[in-house]
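Working notes, structure below.
For clarity, chains are labelled A, B, C and D in written order, and residue numbers in each chain start from 1.
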Amino acid sequence: MTVALEGLRIVLLAGGLFFFVTGSLGLLRFPDTYTRLHAVTKADNVGLGLLVAGLSLHSLEWQSTALMLLIWLFVMASGATSAQLLARYQREQDRQESASNGNR
Amino acid sequence: MEIAEAVLDTALIGLLLTMAWATLHTQRMSAAIALFAGFGMVLALIWARLRAPDLALAEAAIGAGLTSALLLRAASITREETIRIPTSRLWLRWLFVTAVFAWLAVHVLALSTLDGGHSLPELVTGQTPNSGVRHPVTAVLLNFRAWDTLLELLVLLLALLGFRQIARHNRHPYDADHHPAPWPLLKAWSRSLAPLLVVTGGYLLWRGSDDPGGAFQAGAVLAAALVLLRLSGQLPVFRWSRWTVRLAALTGPALFLSVAIGSAVMGEGWLNYPDNASTLLIVLIESAATVSIAVTLAFLVAGEEEDIAE
Amino acid sequence: MTIVTAYLLAGLALFLIGLHGLLTLQSMLRRIMAVNLMGSGVFLVLTALAARLPETDPVLHALVVTGLVVSISATALALRLHGALERHREDG
Amino acid sequence: MNPALSSMALPLLAGLLLLLAGPGLMRRWGGTLTLIVSVASGLAAWMALQSTLDSSRQEALLGGWEEGLAIRLELTALSALLLLFTALIHGLVALYAQFSRHGVSHAYWPLSCLLHGTLAALWLSGDLFNLYVTLELLGLVSVALLTQSGPRAWRPALNYLVLSLAASLCYLLGVAILYGQYGLLDIELLSGVTENDAVTRLALVLMTGGLMLKAAMWPLHGWLPAAHASAPTAVSALLSALVVKGPLFILWRLWSEVAPADLAIQAGPLFAAAGIAALIGGGYASLRSPYIKTLVAYSTVAQMGYAMMALGLLLFWQHPQMHVALWLFVIAHGLAKASLFMAAGEIQHTVGTTRISGLRGATQTAPIAMFAFAVAGGSLIGLPPSGGFLSKWVLLGPLLNDPWNWPWAAGVFLGTLVSAAYVFRAVIMAFDRVHIKRVNLNPDHTAQWLAMLPALLVWAMALSGNWLVQWLAGGGI
């Protein structure tokens, strides 16, 4: 029984790691802010989810699992909102820029 | 487990030092501030690693959170300047720095092993039961070395007074049209986040007597709530001229000082809490300190557009 | 090379990076950040010393909490002064 | 011990009450409340001084815990005298600020009370980390006071804040290393335990560096002239007379109690040599400065060099007379410097310019302020009836009686010569009545008389010399 659990845990943690790496890679490689926001929020949230799943198998007490799930929920909520705000701010900057070199 | 710890430590220390060096020496200012926020988080991780939860809480709330907010605000005012890295005789300077580091390191290494019997920590854990609280750090902060904490509340108050002096010569009072109306999304998010922060702050304050937490961490979290509400336009401009704001900012030091004087006059000595009332007194002082820390830090972070008609 | 020595040396290195930055950098914002780094370095030394005991030394933790709040208040005042100077220079 | 504690708590409480009262009440009652608090605090300090004469060293373990655990507050004859001195200077400056025409803004009063309380906490504290917090408090109060004179003081205030932050962090690193080695923060316990090894030396070097930067001692004095010259008159009087003395007091405690005896003896000549260099460097810069207030500010740097020399000689010889000379000098310099800055402020306002050349004919246009300037300058040089002369006389006593010490005596005379040069430079300019600088403002006589008050007190010190010496030497060093 534990071997299967152990195997599953490693797979989950590796998956989490993979998503974190792709998220940061996207952050570095993508051309403008909008695409970077996609990379960071989406990939890291999934990575964190997998990480939480893997770690909860490790400890198997429901308290720490509930706590980690709460943290994950909170990170997703704050990540999504700040991504929205940043994108909106960037769009406003671009609009001002295009307006200024439009009438120049 | 030994290798895992070694990998973790080298990663943390390597990250810490490279981010510290990069923060000071990158070209663009915005990159420097982003690195500084990251540095604060890595430092909070290191405090947790060194089994210091109180510090991890305080560092995350104060170091990474409020300091980065302050830096962003200051950077938005300064013209976006890419600094010219002084490269004159760079290697000579770094040679000198490494030499000084080696000299310091040789001496400090002698400290890493605890040879002499250091009685103070055992003294603290021994005396904590009759100090009114169970968590030793809070016992030291609010009972054994309460005089330090009182003076330190005055430090916070004085930073605010210095802040006020500058505001009095400030020819940029807050005008609503200059600031864009906050977006509905930001308003909704801050309205849902603020109660969560207040509850967490209250919880940290209450837990302070038994487990890591306490006045400073709770005050910083509450200050974050105040700043969030202020920046999203739900709170009016912080006005020092209104006496309620002043009372809130002064309750901490004033109550602490009056308890000190009261204990000197009625009790056995300066800051010598009567045994049966020490828990009540500590909780009272801690909550007053939390209120004044929250108001002072919120003022320092988001209190800039002050009306000069005071 | 126990944990304590590693973090002691890291604290010292951080202190020196901050001190070097303070002395060589011209931009005032960077110098304020450098002083913050020096503060973090000293606090790291303190916490590493606290970690020598099996159950860490509460006195040093209390000192570092006090030091943290002192450094945030001084940094806030320094940044406000810097902001006022910048705005003052803009107005000419 | 209770009168000393009340002498400390009164100003802190008054400061908080004034802040709570708000701007309206502060404008009307700020000055009078500050004066009352200074007088009351002075009386409490006087009672504390009397109580130290019989039992020389009193202490209070805050919170009633045992020795290493609680913070120890110590009261000796010297700290009681310094409490009295702080209350006296605050009273005089508050009097001047209240009645002088170009007074201070209403926000000055709570800050002055808080500064008074902080200094009292510093004189009494016997714990190394507690001294770090008081040092930080001192730095922040000074910056808050500095920024009162508006935008021109912001840059020096920012420089001062950043440097004083770095200095107190160096000091804290030294305290951390000492705690790492001996596991103690209490000065009295540490003095019995420290021995002369590399780690202790490193900690003491770090702490001394931090304290010298905060006390603006010669190689690290860059921030002081700009800061003290750009501050309002009353503030620069407080800063030069008192704030700079705090770190000097800690330095003295550090090297006379915490440091092992043989290390202190080795360090003595270094301090003395740095002191002589400061006297000459500060004096030369003061000679060349074109502005009145920077002249007075640089003379603070020079006179701090004199204090460092007295400290060095004290550490080297452990001679009780040197101890008396050091603290007599600190009191005489405080009074003289307060009077100098107030007189300079008055002259500047009457003559209408901040340059030394504007002093021409000042004996005609601002006679009382110029007289105060000359009298206070006389005490800085050490001319006979003043407190400055008393301290130099007590210092030179042991120096002259055996020929080995004559080089140090030559250093003292050289310092006297340099300080005479920069004081007389300004005074001679004032007697030049041939082409008087036209005066556009009617002089404010009350303020000029108030500026003279501390100068007269410096002269009065010579009369009350024997009590002072008896307190400092007899009452327990």
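Convention: a contact is a pair of C-beta atoms (placed from the backbone, for glycine too) under 8 Å apart; a residue touches a chain by one contact, two chains touch by 3 or more.
This structure is a prediction, so every number in the text was calculated from the model and none was measured.
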Pair with more cross-chain C-beta pairs in contact, given A-B and B-C: B-C
For subunit A paired with subunit B, centre-to-centre distance based on mean C-alpha positions, whole Å: 28
Rounded Å distance between subunit B and subunit C, as computed from the means of their C-alpha atoms: 12
Separation of subunit A from subunit C, taking each centre as the mean of its C-alpha atoms, in whole Å: 30
Subunit A: positions in contact with at least two other chains: none
Multi-partner residues of subunit B (at least 2 other chains): 104, 108, 111, 118, 120, 124, 145, 148, 152, 155, 158-159, 162, 166, 169
Interface hub residues of subunit C, defined as touching at least two other chains: 45, 49, 59, 66, 70, 73-74, 77, 81-82, 84
Those chain pairs that satisfy the touch definition: A-B, B-C, B-D, C-D
Complex contacts: residues of subunit B adjacent to subunit D: 104, 107-108, 110-111, 116, 118-120, 123-124, 127, 143-148, 151-152, 154-155, 157-159, 161-162, 164-166, 168-169, 241, 243, 246-247, 250, 253-254, 257-258, 260-261, 264, 268-273, 310
Residue numbers on subunit D that touch subunit C, as the complex places them: 129, 133, 136, 139-140, 143-144, 147, 151, 154-155, 157-158, 161-162, 165-166, 169, 172-173, 176-177, 179-180, 185
Partner subunit B, residues of subunit A touching it in the complex: 78, 81, 84-85, 88
List of subunit B residues in touch with subunit C within their complex: 5, 9, 13, 16-17, 20-21, 23-25, 29, 32, 36, 39, 43, 46-47, 50-52, 54-55, 58-59, 62-63, 66-67, 70-71, 73-75, 77-79, 81, 83-84, 86, 93, 97, 100-101, 104-105, 108-109, 111-114, 118, 120-121, 124-125, 136-137, 139-141, 145, 148-149, 152, 155-156, 158-160, 162-163, 166, 169-172, 214, 216, 293, 296-297, 300-301, 304
Interface residues, subunit D side, partner subunit B - complex: 2, 5, 9, 12-13, 16, 19-20, 22-23, 60-66, 68-71, 73, 105, 107, 110-111, 114, 118, 121, 129-130, 133-134, 136-137, 140-141, 143-144, 147-148, 150-151, 154, 177, 180-185, 198-199, 202
